[in-house]
Structures are given as C-alpha cells and as structure tokens.
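Chain nomenclature is as follows: A, B and C, assigned in order of appearance, with residue numbering initiated at 1 for each chain independently.
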Amino acid sequence: METYKVPPNGGDEGLDTADDGALVINVGPQHPATHGVLHLVITLQGETIQKIEPHLGYIHRSIEKMCESLSYRQFIYVTSRMDYLSAHINNHGCALCVEKGLQLEVPPRAQVIRVLMGELTRIASHELWWGAMAMDLGAFTPFFYAFRERETINDIMEETCGARLTMNYMVPGGVMYDLHPNFQQRVKDFIQLFNNKIDEYDDLVTGNIIFQNRTKGVGVLSAADAISYGCTGPVARGSGVACDIRKLYPYAVYDKVAFDEIIETAGDSYARYLVRVKELRQSVRIIEQLIDNIPEGDFQAKTKAVLKLPKGEFYSRVETARGEFGVYIVSEGGTTPYRIKFRSPGFSNLSALDHMSRGSKIGDLMAIMGTLDLVIPDIDR
Amino acid sequence: MALILECVIVMLLVISLFAVLGLVLVLMERKVAARMQIRLGPNRVGPKGMFQTAADTLKLMMKEGLTPDGADKFLFNLAPFVVMIAAMLIMAPIAFAKGFQIWDINIGVLYVSAVSSVSVIGILMAGWASNNKYSLLGAMRSGAQIVSYELSAGLSIISIVVLSGSLQVSDIIASQQTGWWLFRGHIPAIIAFVIFIIAVTAETNRAPFDLAEAESELTAGFHTEYSGMKFALFFLAEYINIFIVCAIGATLFLGGWMPLHMGHWEGFNHLMDYIPSSLWFLGKTFFLIFLIMWFRWTFPRLRVDQLLSLEWKYLLPISMFNLLLITLIAIMGWHF
Amino acid sequence: MTNEEIKQHIITVQPNGVFDETGEWLQVQVEVGEWKPFAQWLRNDALQMDFLFCLTCIDWSATATGKTLLTMVYHFTSTVFRHTIVVKVKLDRNNPEIETVSDCWRTAELHEREVFDLFGVKFLHHPDLRRLVLTDDFEGYPLRKDFEDPINMIKL
C-alpha cells in the first residue's frame, strides 16, 4: 500500500516535479477557487491536468459520531452545519427520517411551510453558486448581483426562523414556530423582484460568449458515468439522468405542486449551469403555487417530550440544492441513534471530479469545480 | 549644467506623475468597480474616500518585503524594478499637451512598441525567481500572451503610421488637425481601434485577459510571492501601463491633445480650441481607461488556449487584412 | 419489480441469502466470500442495480449480540427499473476484510476509503486504499464504538 507523504515544505515550494516531468501543484486548502478547505493535489503536464487527487478532512467534525450521543430532537440541528447552504433541506431530511421511525403524521400546514422554506433555500443556494461560479471564471460583478437577491431571502428567513444561514427550523413533527405574519407578503415581494432580475442574470452571464466558450464541452460527464459515480442533483441532471427526488420519491407536498424536472443532456459544464439556472425558475414556480395556499391549522404535530425510535433501520432522502441527501438511522430502540449515516451529495459528486477533469486545462478546472457546486462541510461532514 | 538640471526636473516630474497616477487610477478603479457592483466603494478615508489609496500605499510601505528562501534573490528583487522602469521609459514620447512632451523622438511610435515589450522580461523574471509553481505558470502564460498580442497591437499602430505617414508622435498628432483618424479612416480605422483596445487590454494583463494573475486558478500568478513595496511596484506598474497604452490609443486614434474639429464648422472648431489641450488629452485617455475598467468588471476570463487562438486565428489575420485596406485608403487618398 | 420478484431473482444466485422484508426496502444478507460475484451480478444482470447511493458500515460492538461484528451496508437503486435493495455483509470485527466494489460502482472508491478510514475495514484489491480524512499516522478508527480520545471527545 503506497501512502502519500506530504513533503516537509508542504509540497508547494520548490519546483519539484514528478518523475515524468509533470508538475505537481496544490490547490487548497486555502485557495480562492475551492471556496472552503478542499485540498486538491493536481498533476499537471504543462497546463493540462493529468490527475486530481482530493485530500479531505480539514473540517471533518465527525458529525456522524456526534449524532450518536445526541437525542432525536438535537441531532437535526447539527445537520445545518453540513451543507450550510441547504440547511433547511438537510433538517427536513432528518425530520422526515425521525417521523418515518415514529410513524408520525405531519400537519398539512407544516408540510407546506417546509416546502416553501426548502425552495427559498434552494434559490438562495443557487444564487450563491451562480455568483461564485462567475467569480471563479473571472467575472466579479455577478457575485454582487446574486447577493443582492440572496440577501432578501436571508431577511425573510431571519424574520421567521430567527437565523439567516443555519435556521434549525424543522423539528420532528413539523416546524418550530409558526410563520411570521409578514412572511407571505415578503415572499410575494421577493418573487416579483426576482422574476425581473433573473433575466438580468441571463443577459450578464448565460449569453456571454466568453462564458459559453469556457463552459461548453468542458468537463463532460456521460450519463453512465454520472450514475456510476453516484452523482445526483444538477450534476447528474446535466448529464441527462432523471434523479430529482422531489419527482421520483415525492415527500411533503411535492406531489401536489406542478414543476418540471430540468434535464439537459450535454453533460458539460454549460449543461450543469443551465440546469441550475432553470431550476431557479422552477423553484419560483413552486413558491408561487403554494404561497397563497398555506393551509390553516397546526404547524407541529403533538409529540412526546422524549422521542424514542423503535428498533430498526430508517432511511429517508430529500433533494437538496446539490443533489440527493440521505439520512440512514440505525436505531436500537433508545433515545439516541445507534448509528447514523448522512449520504451527502457533495461527497459523491466530488468523486467524479478526477474523471471529469483529466485532459482539461487548469482553467477548465475552475469551470468544472464551479458547476459541481461543492460545499466542503458537506463533503467533510 | 542646464541639461543636467533639465534632466533632474524631468525625472522628478515623471516620478511624481507616477505617484499621482497610481493614486488616482487605483481609486478610480475601485470607484468604477463599486459603481458597477452596486456598492459604495472606499468612502471612509478623506472626503468620499479620496485618500484611501494614500492610506493603502502607506500600509504597503510599512509592510515587510518578504523574499522566499528558495528564491533567486537577485532576480526576485530586480524584477519589480524592470517592470517599473519599462513603464517609465515609455512615458518619454507621450505628448501631454500642445508642445508638452519629454522627448519628441522621430521614431516615437516604434520606440513605444519596442520598449513596452521589455516589461514581459520583468514578469518572466518575477515568475521564475519566485520559485513557486503558481508564479511560474503565471509568468509563462504572461510571456505567451504578451508576445502574441504585441503583433496585433503593432499592426494597429502601423495602420495609423500608414495614414499619417510618420513615426513621430508630434507629426501624428498634427496630421489629425482636421479630424481624428478614428473618424477619418472610415471603417478600417475603427476596426484597427477595436483591435488595438483588445490587444492592449491583453498586453497589460487586464481582465478578461488577466491569465497571468488569474486569482481563481493561480492565486496571484507571477506576483504570488511578492509583498510590501515590491508588490506595490507591480501593482503601480499595472496601472501606469494602462495609462500609457490608453494615452497612446488616444494619441493615435483620437488625436492626442488635438481638440475635436469638424470639417468647416469654423465657430464650432473655434469653441473647441478654448478647451485647454491638456484637458483634451487627459479626457480622451481617461475615457479609454474607463473602457478598459468596464471590461474588467463585466467579462469572465478567457482560458489560455482560447486566449492564444483569439489572437492567432482571429485578431492577427483581421488586422493584417485591415492593414491592407488602410494602405489602400492611404495610397488612394480616400480618407477625409 | 416488486420485492417478491426481486427476491426470486436473488434466490437463483444466492440460495443461502438471508432476507428481511420488515424495512422500507428488501434487505439481503450475504456471506463475505460470496459478495464480490454477487455484486457483479447485481450490477450487470437482471436487476441492473447501477446506482450505489449509500455505502456505509455499522459497528455492533456496543450491543449485546454483536461484540465482534461489523456490518457493511450497501444501498442500491436501479435507474432502469427504479427498485431499491439493501445488501448487508457481516464482517469479523477483529479482522474486517471485504472485496472492493469500486470496479462495479466508481463512487465506491471514495466511499470505501472513508469506511476504511473511520471503521478500519480493509477493502481487498482497492486501487488506492489509504486514509481519507485523517492523517496517515492516525491510530484507531473513530466511528467504532470503542474509540476513545480523552482530549477531544466530550462525553455527554
């Protein structure tokens, strides 16, 4: 078994080359392109990538181990810190899993609220991705435009949930509090604003010839490879794989709203980009259908103070902004999970990075990483 | 004795112009960027943040100038000065106002395009001497880029030389007495102008051609290892270079300090003459600078192979053909 | 395909497989030695289980019955037929070894490294088996139930 040894000087200084004249460079753990502490060791021949090797663990907090000593109410909050851009959706997945174990019926109002929050989160997450993606490719300005709209969502979240990023709003059986009275109006205002701005995004980035040249035909992932690498979410849908959990295994009220699963078949970075941008409009569509139809009633089902899952195994999955998020709980009948496993979309998507980037230029890596939309805490859990 | 005194005065003037330009252009860049990015930009130091860059310069001067252990110390320290001196030299033949020029050399335009190539040596030096892979990659990119784009820039400059029939800067400006070459040379002159702007954007390593320092790929490219005043010199040289190429663009295509004259509109022309020639020059130059800043804050960056194919497959053939057209226009006397 | 049909298919290649239908999906338990051919059959033959969406391990040593037991858990879905099964393989906790499936499902490569890192399961014939999140010289396997770290772990 050959092990990688980090050279004493960190491997970055000195023009040391591999045996065949290839240049080994470290991208990360602190690097402007990795948006977090991802460490990639890249073998280059000239500017062409020969191999990419991810080194993980810089922010591994062993959330799965922590959850083993937290109660079924508590562990949900830790999951906000995994994919912090899809915090609501992660919480939703965990709440669903606990509810599945308890066989708990969630009141319709709570279900609609959960979907609304989930879709707002998805918009916010895609907004951030859109800005960061353009920034990776060298255009700074879109980042600020994206944040302008994202800020509105954060304000809406703050008003109802009390937090802007890690909301911890979902509890087993429903949501923690009822909606803020302003919620409906503010969401409607946001939708109106956003519908105008979204065309601006297309004008600024999507139609740009440089942007298209940088992303078209770059990092092609075939449908078979996408499945084999376990890719989900926009990454797999960009390769023509139908994998939207909201359509395939509908949860909450996703089977009652009309929306399209966006599928592009090219499999390149541009296809993945288009999937996300079009998903923004679909999320808006879902919110528009639900915002005026929030049923009256309880926002939380009656639950016992201490939750105990029966002995057994429970698995639930939800569609986060990055793909399929799975929660696998093994219960021994106690108040804490015996073993918990989070199937995070980023981890599987990352495994395709090496395959997609071989033979590309180092500049292409930014387009590929950008469209993979990696969130490092999600990978490192 | 008088000659030495003159030299000293000119040197002081150039150096102080550099300092002022650095301060003004950096502030301008930040304000323009802020405006485009729905931000306020610097607004704390001095009225409307006007002293922000002065404060930044002070900070950079106080900083320790690190030299990495594995670096080639001599070349590493020399590189920023090479870049800076190259920028300083090009200042010589630029006419800032009517009769206000350091050195009206008879091959002025040739001199400019020759000396501007020197800065690439400084960049390569910096990239190699840093002993850092990012720097090396950035420097190599920069080398390939500047050498390529110089061709197009040179051909666009030659088109104006063909039209005006002189390499001397004062002659070129004088030949635009009746109108700027941008308007008088029909469409070929406009094409030459567009190619010139694209090529000089690339030559000064500005976005969307900032591959040498592509921060999302190479952290900071060739100046990754530089800090303190040595970094400031690179930074300053970048802005000085922008000023210089825009000044040359203004001189060649927009008539330098020459006011806007319209054929036989005597009254109009007379009115335009009242505006001082230095204002005309600076106005045109800063307009072009704004254009280049506008590019930077709008476009994504090209990839390195796209950058080279843009030059070799598109710009170079177009500018060669364009030069042919311009020559035809000049010979036949079809320009206004 | 219904669970019953899947079961019939699996029985043809795994007559000794232990089935459990109490959960959401059909669970099959196979022997370590039979795992690799079974995995290849799952991937390529009638069931077309081409999507491995969850690969993990459970340490049973904190329970009364599983002192020396680790269980590998694989969740498969077929993107063709849209059915899901769970495959479990029991391993000896003192010397956990199992054939890799990274050649059948590429995503397994990284997931198996994670399991190796955190549970100490050795995947035979894995192309690149080494620590993923922890340092190379780290001792112990943190997700095992008996892992102790007196400095960093806080007991509730």
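We take it that a residue touches a chain if its C-beta (ideal position, glycine included) is under 8 Å from a C-beta of that chain, and two chains touch if they have at least 3 such contacts.
Everything numeric here is computed off the predicted structure, so don't read it as measured data.
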Closest to the centroid of all CA atoms, by its own CA mean, is chain A
Note, CA centroid farthest from chain A's centroid sits on chain B
Cα centre of chain A to Cα centre of chain C, whole Å, reads 25
Whole-Å distance, C-alpha centre of chain A to that of chain B, is 43
Rounded to the nearest Å, the gap separating the Cα centres of chain B and chain C is 62
Contacts from chain B onto chain A in the complex sit at residues 33, 36-39, 68-70, 131-134, 136-137, 141, 207-208, 210-211, 214-217, 219, 297-306
In their shared complex, chain A is touched by residues of chain C numbered 22-25, 50-54, 56, 58-59, 62-63, 73, 75, 79, 82, 86, 105-107, 109-111, 114, 118, 129-136, 142-143, 155-156
The answer for chain A against chain C in the complex is residues 1-5, 54, 56-57, 60, 62, 64-65, 69-70, 100, 224-225, 227-232, 241-243, 248, 312-315, 317, 324, 326, 328, 330, 332, 338-339, 341, 343, 347-348, 350-352, 355, 380
Interface with chain B, chain A side, in the complex: residues 12-15, 23, 25, 31-33, 47, 134-141, 143-145, 148, 204-205, 208, 210-211, 213-214, 361-366
